[in-house]
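Each of the next two complexes has subunit A plus one more chain, namely subunit B in the first and subunit C in the second.
Up next is the complex of A and B:
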């Protein structure tokens, strides 16, 4: 780590008086950001303090709604529509919020860069990627000159050499962030790039100004696991090479373990715990950090209940005394509800909690007096400390899954199913026979036995969702047959009502899978209505269903936008099981959810399977989830089945390189200790 | 019976709660122009509804002794060339104008939405055929076509209504079809298909409510144009015939007396302007709050 004080490149400026704390590249001191809402100001960031030294990688973790992104954006002065009401942010000794617009722009151009979460929205669809990277270079070199002609690839004669030079450097940057054939891709438009490529381009734009600090807001959340692994690897290498400090915002503790030196745990806009990654993940002091770690599925035994954090992140409206986590904290005592929890300075970080809770009332070191989320049912807390290998071993005896006997008929079978999509089919091309086809699913044969859970994994674009659509009947196979109970079934429109009732579906994004204009009760009653149930019977069944998915009666009249993501997914599950289907197709059921919510939904799914003897077809790119829930795994690559078998066997000793790559790509906490 | 009552009560309660806590409503009221538009429209609606009850005179009774009287206490807006009270005529006229606007817009809306929904949801050659029909309709200049239709059918208010309704539905069809195409790919429609929900029910219950927002905006903005169109056609003598107290006819009557009795032409003119302005402001306001992009930002809790 270099200790050379960062040099100020700007001239004397109104606010540019470096103070004595200038060893920190970034110093956030008691930052407070509010959002004015209809109900009054919401304190999104409530007194956050932390610092980043040059060359250091710091992770900010927490559930969604904890103020992570707002913190990150406030650092560069992009807190709109929020308002900074207190505290200071110093970058390189410059107070960001008091600096003039000009200084702030310089800071953003030279010292700080940002990578955003959604790669679909960070790039301007109207200009090619090379130009957007070149723009960043150009702004860095000559902040005052930006010309439309340059974008149109028709620079003025005088600036032609500059323009060419910038494009050359853009190509170099694209190579650095790992875009293959950068010289060919430089002229491509964002829509010609895949999600991972776009995120790399975003990274290249951020790196173009050669920043001292890179702020990355959930840079890999929208990507699949393999791409995430590649990108994280790239991050690590670039930050090392350039000795660049990184502030990484993420909800994934695995990602943190992978690349961060230090962690800042945020909850409800307050810093709960800070410390070196290894220490925080291995022996967290704060109950919230511990709870976050516990609810990771990789820590629990297979098919067993995952410990959860009950409740949700509160909206910080008005003044509330006490620790914000107290209502959900398993270790909370009465005094937690009053006053502000003290912050303890430890030699390697800080903890903001009441002393007795943090260090345990008793003196014995190893076991703090805590019980987590194990309230009602059997809890896998004992297993959570064991490594994942032994956990999978014990799980076999712990839960006897309804193992299909070999002689029973499978519930669903796919025989040589293929699905091709026509691409860019013009009349001329059709006549010439040069149609391009996309082979989404290619000759897939597989069986799903009654009562089992089949996990379908693969990179994005490997045909997982298409395969699910073929099973449900939303798509018809180009060739091959889908059989249900041995009878071939076609598209949803041609299936009998009974066959349709046998299949329930839960989609990935609960917000788009529920009609925003119908209240919850009617959403759930929709399949019942279609089946011709009369009013009273429908109402009773909806009540039953709500209870079985853990929603209360008062949710019936709510509209989808009034519910949280986890609650919405529960509603979607209730709708899927309304007509007592035998097969439920789960298309990425938890990937849009927070870790703690994810754990709760998975628990619910496992419970329902036990109670209703459901068969699951689970599609997920998250191997932890698949490993936790499924009996068998099928690995898809480019529409073909490359490997299939018992979950523990496939994931422990993958025989196909594709599977091995998938397994390898999962960021695990265990890596950090190596 | 009690079950039905209960469900109605719960639905009302739900609506009320949704309205009370609605950020949409708060956003709408935050802009004074929106509130102004809403007030104008409300005022005119009230005037149209209770007009006959409060109108001091009969709108068609002539009183030649008091013709061309300026505004006074007895006749707040003065009298016209036949001695009829302008205020009374204006109030009755509001009824006519608003009634025609509502009727024409409803016909356009129902026709256009049905065609758009059918085209967007069915797809294929049905879509193709219906959309070409829309193209043909849009290719004609609206008011001129209305003029021709009204001319062929003969001058009367009913024919004006028909003419205006026939020329205006295509924009609704376009709008609805576009929204339906986007909505029908969403997961909840796919889920409904898998739940064996009938096509009719998917169209009416899942697609229709989700296209309602932009349609309502278009309809509100359209009300103003329809009022203008009716007044215009009546002004040139194709619409309402004397002595019907229609704003366009009143305007036409007044233009002969502009020098001697300015109020005869100005009173209905200002009324038309205010009404159109009110509907336009209201429509703009609704567009701001019902815009789908806007809605998502309101819905999301961050």
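Up next is the complex of A and C:
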């Protein structure tokens, strides 16, 4: 435990005022953070500098593994994981890493607060939500009087009246962050809250200390679009009201466009570009920023390949000369590999790239600037796929995908399907007859034609996942009938092997849906094994599958934790198509992935669909993804179908308010860059 | 699972266990080599009893009825709180147990306090300073504690603190100073097991994200660790503590003999040596009931410690 010498206000170590006279609330100067690994130190943050002024909202963007979260955590002095090996962070003039524990606590209790990414991890499951908010208020009120017994509510040691007062203020804060019936919910435990509510509670905890700077690490990534939009809105309002500066870490450029004044683009632990949001998103100077913007599905024609950034964020092991983006950069030239590119100051920000790119090269020397987002290697790939695209496009126009109104029998049909759940309620409640019954799916009738992609959208809790479970037979309907190819779908246990073959499923989070103890080859082979394929045939098939999802032989013996999110999702896809299903249910297949990886997985799914004539049922809260991939869309709300139709029509001219709200909630670049 | 059906289920199974226990303990009587009446009488009279004396003894103790009837009679008495009388004196067994019980409870409670007071700080420190000298020292200590037989530690403590230093009395019961050595002896063994558990349980918890939330509030590390982390780490510890209570009774028997405390353990051992079957039976039954009840209580406290346990089947 930390014992701090009794000092007045800030300790002597903090007496040094910041060297520069700037008004920066947060100044990060050449920050370097390393992780120790078996192979040596990894430079997670490699010389990052930026600043945040009072009241300003700054976004940090980049793919995962770029050092965004590590940077954020280092700012508040949370060491794990990683160790700060160089550079300084000043908050309000105080050097965070040289400050005493006591000063750092003072900073956290007063000046800077943090909102974390994972709603399941933010709150302590053992204490009710009110307690956790009240605690934050208490720290802020009396930062120096933190006695363990008081905080443990030990009788005689704890002041009851103080706590009652703090709980009352906690209720007010809960109301401010948009938790309904705060007075009732203050005694609830975190597990009784939804993900969105937990994030709001996390925000309340952060706001309790009335900070000058709020650091939010992917605060809305785990939430569905509508909740995300509401929370972002709340964020903006509260930070405006209190004139609070915000540092927002995100991989979603739409979110940045929505609320940030300035952006810092991070790649491989280095700042690539900074500047005002509008300018950076509309006219990015740096090739990486451009490539990131290109990857968005909204920029690509429907059902066509989305441009991707090939390759992956490099592991920053050991000394590497040159620009870290060089292996993936379409504008790279030989000199990029040699020395570190300089950082150029432009009037509205900085760019770290070679001079020619920053200040525009004449068009005649190849003009890579203009062809950004399409590097040499990639262009080659693009060419080959364009031909196949056109080929399929013509094929498509010759035989358009079957529509439900055609005479052909649908592959899947649901007739008046409902699913009710008995909700967990006490005996007393049951006796009193106030037992709650959840109508998860309510009288749904829909058809999926062979070869089409049906997108299922709706807020979380609208019944999307239940509907998917009904189609796969994981759930049986309370009433109504689910038919697959004309035959009723029985419960999973009673179905014949043939129907099990016909449906494959890909889940959102491959890390939790795949067995972590099996190597990749076995993960994929599992369904084949269950189906009784003999050894040699199984091995051949696994090889074939790996190839078709773009993985190579060397991945076969790896374990899931050794693969990246994108590679794992490919494994999950390979497994889903192992038995040559006719229908594949895609449950949020790309939501957990970075934009650049998202694009690659979507391209893969589209390719597979063409090659194997698959039918997709796509569940996603990301309307851009749905729009890009689906032929038709069904909008669910409270278990009912409120709108259905061709994708273009439904999303362009929504006729139901629920659909309009969903469309409206998507954070888009286009809104703000105009 | 809802709370109410869970409770019903839990009480139901406890009753079944208790019924089984009662049958088995009753059966103990029939394990007596030879005819119990004869064996007892010969011991009481210190000579071979005559047929008539045996008959009379049987009639007096209801041993001439059919076995199920004897069992039913016995059970009715037991439920009324009457465990019968000792063979050698007319003292009621319930009274014997109630006399001895406070000393054993006192010892058990003091040992648990000692165990927790040792195990929690050591386990927590060990986890927080994982891999350092503190951690290695505490793990070594735990290893020694686990491997050391209780009675041996007891004699060692008597040797050092009672005979050499004279700080605490050698044996006996009744004062607090007489409680210290036995409680430390019994508590240490248990602390060793618990320390390892607290350590591993804390290590699981220390990586949790909510601790960062707590830190970012500006809380002192001490509160982060002892309030936010420990509370979650205690859940498995309490479960094991419940199981350990059974072992504690075992240990108490040995320790009471080492320290000459006239508690339940001494009573039991004396009864065994005297072949005083009704007393053995009574104590066995009593401890079995106590064990089942403690486990029930531990289960319920587990559900209190981890609020999520109440939820179970959430349909979404």
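The rule we apply is simple: the second predicted complex is superposed on the first by the 574 of 674 C-alpha atoms of A that agree within 3 Å, B and C clash if a C-alpha of one lies under 4 Å from a C-alpha of the other, contacts with A are read in each partner's own complex, and residues count from 1 in each chain.
Following the convention adopted for this analysis, a contact is a pair of C-beta atoms (placed from the backbone, for glycine too) under 8 Å apart; a residue touches a chain by one contact, two chains touch by 3 or more.
Worth saying up front: this structure is predicted, and the values here are computed from it rather than measured.
K.L.:
Counting only touches as set out at the top, which of subunit B and subunit C does A:575 meet: first, second, both, neither?
P.N.:
After superposition on chain A, A:575 lies in contact with subunit B alone.
K.L.:
Which of the two, subunit B or subunit C, is in touch with more residues of subunit A?
P.N.:
Of the two chains, more subunit A residues are contacted by C.
K.L.:
Go through the superposed model and pick first if A:125 touches only subunit B, second if only subunit C, both, or neither.
P.N.:
Second partner only.
K.L.:
Which holds for A:236: it touches subunit B only (first), subunit C only (second), both, or neither?
P.N.:
Neither: A:236 stays clear of subunit B and subunit C.
K.L.:
Report for A:507: first if it touches subunit B alone, second if subunit C alone, otherwise both or neither.
P.N.:
first
K.L.:
What is the contact status of A:555 with respect to subunit B (first) and subunit C (second): first, second, both, or neither?
P.N.:
So A:555 meets neither subunit B nor subunit C here.
K.L.:
Determine, under the contact definition given at the top, whether A:279 touches first (subunit B), second (subunit C), both, or neither.
P.N.:
neither
K.L.:
According to the stated criteria, A:531 is in contact with first (subunit B), second (subunit C), both, or neither; which is it?
P.N.:
A:531 sits against subunit B, while subunit C stays out of touch.
K.L.:
Of the partners subunit B and subunit C, which touch A:649 in the superposed model: first, second, both, neither?
P.N.:
Neither partner.
K.L.:
Give me the intersection of subunit A's contacts with subunit B and its contacts with subunit C, in residue numbers.
P.N.:
On subunit A, the subunit B and subunit C contacts do not overlap at all.
K.L.:
Using the touch rule from the top, collect the residues of subunit C that touch subunit A in their complex.
P.N.:
2-5, 207-210, 212-223, 225-228, 231-232, 305-308, 311-316
K.L.:
In their complex, what parts of subunit A are in touch with subunit C?
P.N.:
Interface residues on the subunit A side: 1-2, 73, 76, 78, 80, 101, 105-110, 113-114, 116, 118, 121-128, 132, 135-136, 139-140, 143, 146, 148, 151-152, 189, 191-192, 202, 205-206, 208-209, 421-428, 438, 440, 461.
K.L.:
Could you list, by residue number, the parts of subunit B that touch subunit A in their complex?
P.N.:
Residues 3, 10, 13-14, 17-18, 23, 26, 186-188, 190-198, 201, 205-206, 209-210, 212, 299, 301-302 of subunit B touch subunit A in their complex.
K.L.:
Report the residues of subunit A in contact with subunit B in the complex, numbered from low to high.
P.N.:
Touching subunit B from subunit A are residues 35, 38, 44, 65, 315, 472-474, 492-493, 497, 500-501, 503, 505, 507-509, 512-519, 526-527, 529-531, 535-536, 557, 559, 561, 564, 572, 575, 579.
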